[in-house]
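One chain, chain A, links the two complexes that follow: it is found with chain B in the first and with chain C in the second.
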Partner chain A sequence: MPEPLAWQIATVTGVRPESAEVKSFTLALPAWRPHRAGQHYDVRLTAEDGYQAQRSYSIGSPPSQTGEVEVTIERIPDGEVSPYFHDVLRVGDQVEVRGPIGGYFVWEPALGGPLLLVAGGSGVVPLMAMLRERSAAGDDTPTALLYSSRTLDDVIYREEIDALAVAKDGVGAFQTLTRSQPPDWTGYARRIDREMLSEVLASIGPQPLAYICGPTLLVEAAANGLVELGVPPARVRTERFGPTT
Partner chain B sequence: MDDPLMLDANAVAGDLAEMFGFDVSGSVHRCTNCGNQGAVATLLAYVHGPGTVLRCCICHEIVMRWVRTPTRIYLDARGAAYMEMGLS
Partner chain C sequence: MTERFTSRGFFGKRRDAGTDRADRIPPGQYLTDGFPVLSAGPTPQIPLETWEFTIDGLVAEPMRWSWEQFQSLPSRDWTVDISCVTKWTKLDTRWHGVSVDDLLAAVEIDPRAGFLTAQSYGGYTTNLPLTDVVNNQAFVAWQYDGAPLEPPHGGPARLVVPHLYFWKSAKWVRGLRLMEKDQPGFWESLGYHIRGDPWREERYSGD
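== the complex of A and B ==
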């Protein structure tokens, strides 16, 4: 049985912008433990008067990156914790975390596929950990990523996702931009719906192992859509991020 | 069930690990009300009230709920008929 989860003090060793409102933070951990792709860390901020705010952030980095984890956080303007990361935390600063957490919304090559990954906004983070794990392991599970963003500037990990689309190693990348699209845009231009899901499914087969992550209402719509299309509910795993993003 | 604040129980797996001593999000539970069996992570989590409430994803009845004080957690798990946890 694994040892209980303890809070530990992480040190910020890197900050990298990913898109207009999103940054990645590298956290060095004194008690680093290998994680499974899809897991998250809990972050806890404590004010001087003892008030605490706790949030979860998915691990974007693959388990092969030892001693540290990378979290990718969207800045929610009126939020408590995400603006603290964006506006206050600097390289060298410390923050309290515990993890890795989660034994269900995880994927590793042994779980097989075909793998269907559906993301909205920062929901792409744990799915990217799965894609990175897949390629680090040299795995060839047929995989499709359907990723919804508001605008092209909001797309997280854009270069890496574009590279997936041309790598021809069995990953198909489908994107939709819901708010505005550049003139030469060839992807989808609407919210994820059943027709879109069925087109993506057609690229990998009707009985995928599906992971859906992002804003709660998007996850809800995509999960219902897949079940209506005949995907067994037991093969649809969800990670709702809440109202934001 | 179109509540934008609703999460999956996976989101509170850290708090559950505090109570059970290890991660139970992948463990199997059975709903006392409807008999549905599934991973604890498939429960729906409501975390914006004074306590945390986990509801069955099929019948929506309360399976577990808890409140915490600075020094204690009070857990009501009568909505879970049983739980099955791996030991390795």
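== the complex of A and C ==
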């Protein structure tokens, strides 16, 4: 019988707004274990009367950031756990977690590339862990990020992604804004489609290892598009979610 | 007993304890009215002309059905509650399909067989004890909510084992292989529980 993945009590050591409805929470862990970029933690909240609620949240921080993990959480208005994180939880509070969890939607430099990361909304979180891991390891795998948001205000990790585009260390950052665009916007302005995927692929090569994370319609469009463009299905890994409340 | 941890300022949202609905939600799960889609890779596109379903492994003679033959098996409506390990539970989902009992009745099972691996188009696998799929506990469905099962939800056909976490309900299923020993499938090899009973919260290895 394998060891159970034990619950532990983490302490909130940082809260950082990322976009209009998204914040990152740094959780210091008494029993930190190295994770793989792309994995998640389970969170469990317990009320005085014993009522409990659980959710899974992706880790945004790389495994090289030891002793703590950063989870990035979108606030879902009628949700149960995400509003607690956004509206109640503050630095110094404790929260029960267990992890890391998930062994397929993960990337590390040894898996190679070229690496194609496709994100919709808060689906960018596990992909950012991969980008941060790549950078921390000094890895030079040719990499492209294609990131779809509704508006510029919804873009998570905006400064970090903008910095990627100018860093010239082999990461191309492509963005699309599907709902509205500022006047000086030079990125895409439509939902992800095959033509867009084809242009992004051209920057890294035709047989990428692809990771796609976001809402179902985006994941379906991107995964089917890549397969139609000749990427072997076994090289396309997906993680999908509706809103995690 | 150790003092239980409580979350400062957490009251919870959905608390109708004692009601019929609350009694049907396994621990750590929340109710959803939507039907979230989860899968590890692209959705396979399987033409019905080439679709087939096979039972093989520890059987006297393997059995194979075409789509047309499969549709003529005795089938019925099923209304079941389903729970995904990602924490959502959906009540009263409506399916149409054939009982695994009726599929197994078409083969002569070797008495050594105690387990099976459900195999899917696209390469997905999941393992189940035979005792979890007999006695009308499991079925292969090709309709959901009165309409053909959509590919993102597992169409043309998916296995449904409603009393276990939903990763056991293999999408795009193309056959069952009967085996002597329990052999971990896709998620079971990646840290998820070998059986996955939501009422025992068997989410991950060792739970």
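Going forward, the second predicted complex is superposed on the first by the 237 of 245 C-alpha atoms of A that agree within 3 Å, B and C clash if a C-alpha of one lies under 4 Å from a C-alpha of the other, contacts with A are read in each partner's own complex, and residues count from 1 in each chain.
Everything that follows uses one rule, which is that a contact is a pair of C-beta atoms (placed from the backbone, for glycine too) under 8 Å apart; a residue touches a chain by one contact, two chains touch by 3 or more.
Small disclaimer: the values here were computed from a predicted structure and weren't measured.
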item	value
When both partners are placed on the shared chain, which of chain B and chain C touches more of chain A	C
Partner chain(s) touched by A:Glu96 [first = chain B, second = chain C, both, neither]	second
Which superposed partner A:Trp32 touches (first chain B, second chain C, both, neither)	neither
Partner chain in contact with A:Tyr84 - chain B first, chain C second, else both or neither	second
Chain B versus chain C as contact partner of A:Tyr51, first or second or both or neither	second
Footprint overlap on chain A, comparing chain B with chain C	1-2, 4-5, 42, 50, 56, 101-105, 216, 220, 234, 237-242
Complex interface listing, chain A residues touching chain B	1-2, 4-5, 42, 50, 56, 98-99, 101-105, 215-217, 220, 234, 237-243
Touching residues (chain side chain A, partner chain C) in the complex	1-5, 9, 42, 44-48, 50-56, 79-80, 84, 88, 93-96, 101-105, 216, 219-220, 223-224, 226-227, 233-234, 236-242, 245
In the complex, chain B residues that touch chain A	1-8, 10-11, 13-14, 17-18, 21-27, 38-42, 70, 87-88
List of chain C residues in touch with chain A within their complex	4-15, 17, 27-30, 32, 34, 36-44, 86-87, 122-123, 152, 186-187, 189-191, 203-207
